[in-house]
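You will see two complexes here that share chain A, one where it goes with chain B and one where it goes with chain C.
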Partner chain A sequence: MSLAEPAALPVATSAAPRLHLLKRFTSRFKASLPAYLLLLPSLVFLALFTYGAMGRVLIDALYQRATPKAPVRFVGFENISAVLADPAFAGAVVNNLIYAVGTAVPSIALALLFALALARTHAVNSALRAALFLPVLIPMVAASALFLFIFLPNVGLLDYYIGRLLPVLPNWLGDPDIALYAIMVITIWKNAGYYMLFFLAGLQAVPEDVMEAAHLDGAGPYRRLRHIILPELKPTFLFVTVIATLNAVTQVDHVFVMTQGGPSNSTNLVLFYIYQQAVEHYDIGKASAATLLTLAALMALTALSFRTMASREGGP
Partner chain B sequence: MLFSRRLMLGLAMVGTMAGALAVPAKAEGPTEVDLFFPVPVDGKLARDMGTLIKEFNETHPNVKATAVYTGSYDDTLIKTRAAIKAGKPPAAVIMSANFLLDMQIENELTNLDALIKADGTTKEQFLGQFFPALHGNAVINRSVYGVPFHNSTPLLYINADKAKEAGLDPSKPPQTWAELTDWAKKLTKREGDKVTQWGIAIPCAYDYCGWMMETLTMSNGGRYYNEEFGGEVYYDTPSMLGALTWWNDLIYKHKVHTPGATPGPAVSTSFISGNAAMMMLSTGSLTYVRDNAKFPYKVAFIPRNVRNAVPIGGASLIMPAGLEADKQKAAWTLIKWMTSPEKSGWWSRATGYFAPNMAAYTTPEMVEFLGKNPDAKTAVEQLDVAKPWFATYKTVPVRKNLEDEVMLVLNGKKQPKEALAAAQKAADETLKPYNAETSLKLP
Partner chain C sequence: MKLFDTLWKDAPLATRGEITPKLGFALTVLLAMVWLIPFLWMVVATLRPASDGINAMAELMPSLKPTLDNVRDAWEIGDFPRYTLNTTIICTGILLVQFVTITLAGFAFARLDFAGKTPIFHLFLMQLMLVPVLLIVPNLSLVAQLGLYDTLTGVMMPFFASAFGTFLMRQAFEAIPTELEDAALIDGAGLFQRIRHIYVPLSMPSFSAFAIISVTSHWNDFLWPLMVINSPDKRPLTIGLSVFTKTAEGTQAWGTIAAGTLMVIAPLLVAFLIFQKRFISSFVTSGIK
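Now for the complex of A and B:
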C-alpha cells in the first residue's frame, strides 16, 4: 500500500496537463491548418526538388560499385574518404579558395568604390550606374563565349591591344599559370556591378544627421568614411561577402564554356569536379560524396556568417 | 473549419483531375518515338534536323518521331543516361562514336543484330554499306551496336596565298613530318623575337587534344589504344613519344607553333585571320573555313612520319537498352531511313561532315556538290587510311589522363618522356576496375 500510493500520485497529477497540452496543440493546429494548406504547394515542390534531391544525394553517397558489372553495395563513408584522398579534389578545393578570395575581395572593393562615387542620384550617375550594372544582365554563358574571343591568343581583342606592349604574348586560357586568373577577371567584371547595388542601398541607410554633424565638426571625407560610413555598412559587407563566397562555389558556367577545368586541371573548381565525377567518370557515389562535403561547408559558412550578422545587428 | 474543408475538397478535386490526365489515353495511332540529337558544331544543325524529321513523319504515317535537342555530345550522354535511369529511354540517340564501348560495358545499349537479322540481311551486308573505317566504332564483340550517321577525320589546312608568298607550291602540300616542319619554318614570320605569323597551329583542349594525339601517334605508326579490348591504352610507347616530342619541338625547338594549349575555335580563328598559315583541324570545320576564309586555301592529308593514318570522329545512331518492342521497331525504321544514301548525302551537304554511307557518293546531288567543292573530297579519300576513334572503358577520364600531361608539355612544364609515363600510370589506374573484371579475372 505504501508503495503503491506514491507511484499512483504522479500519474494522477500529470495526466491532466498532458491531456490539456494535447488539446491545446490540436486546437492550435486546427487554427493554423489553412496556413499549412496554403504552404503545402510550395512545400511539395521543395520536398520534391530540393529536400528529396538532397536525401537522394545522401543515400547515393553511401553506395558504390566495385567493378562495372558488379551490383551497387553499401560502403558507408568510403566514398567520402576516397574523395578526400583524391588529389584532384584537393586541387579543386585549393583552386576554389584562391578563386573565392581572389574574386570576392576585388569585386567587393570595386563595388564599394563605385557605390561611393555614384551615391548621389542625378542623370550622369544614373547612366554610369546602369553602365556598371550592365555585365550583371549578360548571362554568364554568353559573357564567357564573348571572353573566349577576347582572350584568343595572338588574334583576340586583349592581345591586339596589349600585344604591342609585351615581348611575348601570354596564352591567357592555355597556360596553367594564368588561366585561373583570367577566369577570375571575368567573375570580378560580372559581379562588381551587382554588389554595387547592395552598397548603394546600404549608403541610403547612413543617417543624414550624423553625417551633417560630422561635417560641422570638421571631419574630412576620409574620417567620415572611416568612422561613419564603413561602420554603418558593416551588415552590407557581411551579406555581400556571403553572397560572393556562395557565388564562388556555385557559379562555374565560365569554367564549363571556356576551359573545362583545364589546362591540366588548373581551373578545376569544386562544382566542376563534381560534374566530372558524375558525368565523365560515371561515379555517382563519389560525386554525391563530394556534393555532401561541399554542401556541408557552404551551410556551415552561411550559418556562421548569418549568426555573426544577427548578433551584430542585435548589439548596440 | 469550413474554409479548410472547402480547401480540402478543392485539393481532392484537383488531385482526381491530375490523376485522370496522367492516365495515358490508349488510342490506336502512330508509334511515338523520341530522337535525342546533339549539335556539336553550329546552330544551323538544329534546323536541318527539324527538316529531316518532318520529312520522315510525312513519309511514315505509322511512326511519329520527335527530335529532341540535347546540347553537346557530352550533354547528350548525360541526358540519355538520365532517361535510361528514369525508365523512359529515348528510342534513338545520335551518340558520339567513341562513347559506344563505354555504354555497352555499362549495359546501356540495344544489340542491333536481331533487328538486322529480322530484315533478312546479314551483319556483313548491313555493315558493307558503310566505309570500313567506321566499323570499328560501331561493332563491339562482333555485334552491331551503332549505325554511323555523320563522321569526320582531321585534315591539314593550308593558306595558299601565304604558301606562294613563301615560295612554296600549295598544289604539292607537305606529305611527311619533315616536309611539314620545313613548310612551317618557311611560313613563320618574325620581327625580332616576336612572331607575327605562325607556321602551324594544332588544337589542344579537352576532347580535341586527345584526338590530335591519336592523329599524330597513328601517323607515327602507333595505335593509341587496344582496338579489341577496352582495358588498355598505349601512352608510354615510342610511337606516342615521337608524336609528342615532335609537337613539343614545333613549339620550343623550331618555334613555329604558339606555346601552350590552344582550343579549336582559337585555331580556326587564327587561320582565318591569317595569323597561322597552316592548321590541323577536323573536316567538320570545312564549311566554316569555306564560308569565312577571304583567301584561297587548300586541304590535304595529315602528313606522316611512319605511315598515313588518322582516326575518325563523329557520331552514330544508337538505341538505348530497355525499349519496348514496338518502339524498337519504329526506331529501327527511323535509323535505317536516316542512314540511307539519299538522306546521308543530304545531311553531309548540309553540315560538312562526310556521309558514312558509301552509296551516298554516287547520288547525282552528291556528284554535283563534289564537282563544285572539290575540297570536300579530300576527307573522303583520306578514309582509306582512317582507323577507329579511341574507345575504352571510361573513355573520357582515360583520355583526360593523357591530355592533362600533354598540356603540361605544350606549356613547357614537363618533358615528353616523363609526361607520357605519368599519363600511362594514371590511365592504368582508371582502367583498373575493368581489368579486374576482365583480363585479370582468372579461374
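Now for the complex of A and C:
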C-alpha cells in the first residue's frame, strides 16, 4: 500500500464529477485512508479510555450487583437516585463547593498579586517566581507528607512557631470544623504559582504606553489596576477559574493521604466519595452514577465558560 | 531603598515614585519565603539526627551535627530504588508511545486533507474536557477486563493517546514550510520518511515541551496507580511514599519521612532548576491540557 502521495489522490476524485455516489464515497475514503491510518493509534486509545469510558459510566450507572460476584441486574435510575439521596454524597458536594470557592478565590488573588509584583523580568524576580512555582512541580502526595508534619499537633511546625500565640492549640487535621480549611491551605500553596504563570503571560498584553499615559492623566496604581489591567486580564481570569474549578474536583490526592475524608466526613470530597464507593464498597453502580453526575456538572461548566469566551471574542 | 531603585530601574519613569507597587512587592517577597518553608523544613529535617528528639523536629535552624542516617533509613526501609524504577518505567513508557501517537495524529491534522476532519478534531478536543482522573471507575474495569490489573502497562495505557500533545504537534508541524516537504517529495521520500527526517527534527522544542508536561504529570500521578496497582513491588514513587509515610508516621519518624519526600521530588526539582525557562514556558502551554 502506498502512503507516498496523499495529496495527489483527492485531485483524481474531483476530476471525475459523474462518479456514482457510492463510488465517490469509496474514492473519498481511499483518499482519506492514509490520514485515518495515522490517526488510528490515537483513536483506538481514545475510544477505549475516553469515549468508551463515558459509555461505560452511562451503562454501569444503570446496573447493580448485590454482591461483587452476583450477576448484574438492570435498575434504571435507581443508582442515581440512591446517590442523590445519600447524605454522604450531599455532604461531599457541599464540602467540594466550599473547597472549590475557598481554594480558587485565594489562589487566584495571590496569583494576581505575584504576577503584578514580578511582571518585570530580572534575576531577583526570576528567583522569586521559581520559589513560588516550586510547589507546582511536586506530587500532591509529597506535599501531603510535608504538611502532615506542619499540621502535627503540639510538635508540628505550625504549633511550634505560631501555636504559642493561640490560647488553645487547634488540632488542625483532627477537628471537623478546621480540617477542610487545613486541606485548602495545601491546595492554595500548591496552585497559586501555577496560576501566576497565566497572569504573567496575560500581563504582557497590557500596553506599557497606555499605562504611562494613564499615569500622566493622574491615575494612581489602584485606578490603573481597576480600569486598565483588570479589563485586559478578563480572559485570563475566566480561563484560570475554569482550571481552578477542575483542580478542585480532580486534584484531591491529599484527602486520600492525610484525612481519608475524615474526621466525621468533614473532608470528604466528590472524587473521594466515588473512590470509596468503587474500591471500599465495591458498588460500581453507585460509583458510576456519582461519576456521571460529576462529569455532567463539569461539562456544563466548561461548555458555559467556552460560550462566554466565544461570545466575548465575537462581541465588540 | 537602593535595592528598590535597582529593581525598578526599567519601570516607566512616571511610576517609579509610587509606594503601592513596592508594598505589593514586599508582600510577595514575604510570601515567597513562606512558600519555601515546607521545602526548608524538609531539608533541615532530613539532615537532623534522631538524637535531637521529637521536640526539636520543627526547628528550622539546621542541626549542628548533620547526618545522612535518615536518607539511608528511607532508602532501605522504603524500598525507594524499586519505586523509582517503576515510576521511571511508567513515565518513559507513556512518553515513548505518546511520541508515536501524537506525531502521527498531529501530522494528519496539520498536513493531510481527509473526510471528517472537523468532527474527528472535535473528538480529540473532547478528551481535553473529560479529565482522565474522573474516569477511573470505568477505566479500572476495562483494564481489569484486558487482564492488565496490577501491571505497569495497565497504569500507562489510558495515557497513550494525548489530545494536548496532538494539538501541540499539529501547531509545530503547521509552522514548518511546505517547500521543505516538497523537495523531499521530489526526491521520492515516502510519508514516514518525510515525518521522520523533516517534521520530527524540526519540532524538537515542541517535543521537549510536551515531554516536560507529560513526565511531570505522570511522575506525580497518584489516584490512578493506586487503583490499578496491588502488589507492593509494582508501586510507583507516589504510592510508595504514601504507604511509607503511613508506616513512619506511626513511629513518629519524621526525619525519615522528610528524607523519603526529598528523594521523591529531588529529580523533578533538579531538572527544574537546570531547565527553569523551559519548564515555565511548557507549563504555560499546558493550560489547555
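Basically, the second predicted complex is superposed on the first by the 274 of 316 C-alpha atoms of A that agree within 3 Å, B and C clash if a C-alpha of one lies under 4 Å from a C-alpha of the other, contacts with A are read in each partner's own complex, and residues count from 1 in each chain.
Methods note: a contact is a pair of C-beta atoms (placed from the backbone, for glycine too) under 8 Å apart; a residue touches a chain by one contact, two chains touch by 3 or more.
Keep in mind that what you see is a predicted model, and the values were worked out from it rather than measured.
Once chain A of one complex is fitted onto chain A of the other, the partner contacts of A:246 are limited to chain C, with no touch recorded for chain B. In the overlay built on the shared chain, the residue A:34 is in contact with chain B and with chain C.
Of the two partner chains, chain C is the only one touched by A:116; chain B is not. In the superposition on chain A, contact of A:288 is made with chain C only, not with chain B. By the touch criterion defined above, A:149 reaches both chain B and chain C. Contacts of A:138 after superposition on the shared chain: chain C is touched, whereas chain B is not. One of chain B and chain C touches more residues of chain A, and that partner is C.
With both structures placed on the common chain, the touch criterion links A:280 to chain B but leaves chain C unconnected. In the superposed model, A:167 makes contact with chain B only, not with chain C.
Look at A:80: by the touch rule set out above, it reaches neither chain B nor chain C. Once both structures are placed on chain A, chain A residues 34, 148-149, 152, 155, 279 are touched by chain B and, in the other complex, by chain C.
Residue ranges on chain A touching chain B, taken from their complex, read 30, 33-34, 37, 40, 66-70, 148-149, 152-155, 167-168, 171, 173-177, 260-265, 276, 279-282. On chain C, the positions that touch chain A within their shared complex are 7-8, 10-12, 14-15, 18, 20-21, 24-25, 27-29, 31-33, 35-39, 41-42, 45, 54-55, 57-60, 100-102, 104-105, 107-108, 112-117, 120, 123-124, 126-127, 129-142, 157-158, 160-163, 166, 185, 190-192, 216, 219-223, 226-227, 237-239, 241-242, 245, 249, 254, 257-258, 260-261, 264-265, 268-269, 272-273, 276, 279-280, 283-284, 287.
Every residue of chain B that touches chain A in the complex is listed here, in rising order: 1, 3-4, 7-8, 11, 74, 77-78, 81, 102, 105-107, 193-194, 198, 204-206, 258-263, 265-266, 269-270, 273, 275, 393-394, 396-397, 400, 403-405, 407-408, 410-411, 413, 430, 433-434, 436-437.
Across the complex, chain A meets chain C through its residues 3-7, 10, 28-29, 31-32, 34-36, 38-39, 41-46, 48-54, 56-57, 60, 110, 113-114, 116-118, 120, 122, 124-126, 128-150, 152, 155-157, 159-161, 189, 193-194, 197-198, 201, 208, 211-212, 215-216, 220-222, 239, 243, 246, 249-250, 253, 256-257, 271, 274-275, 278-279, 284, 287-288, 291, 294-295, 298-299, 302.
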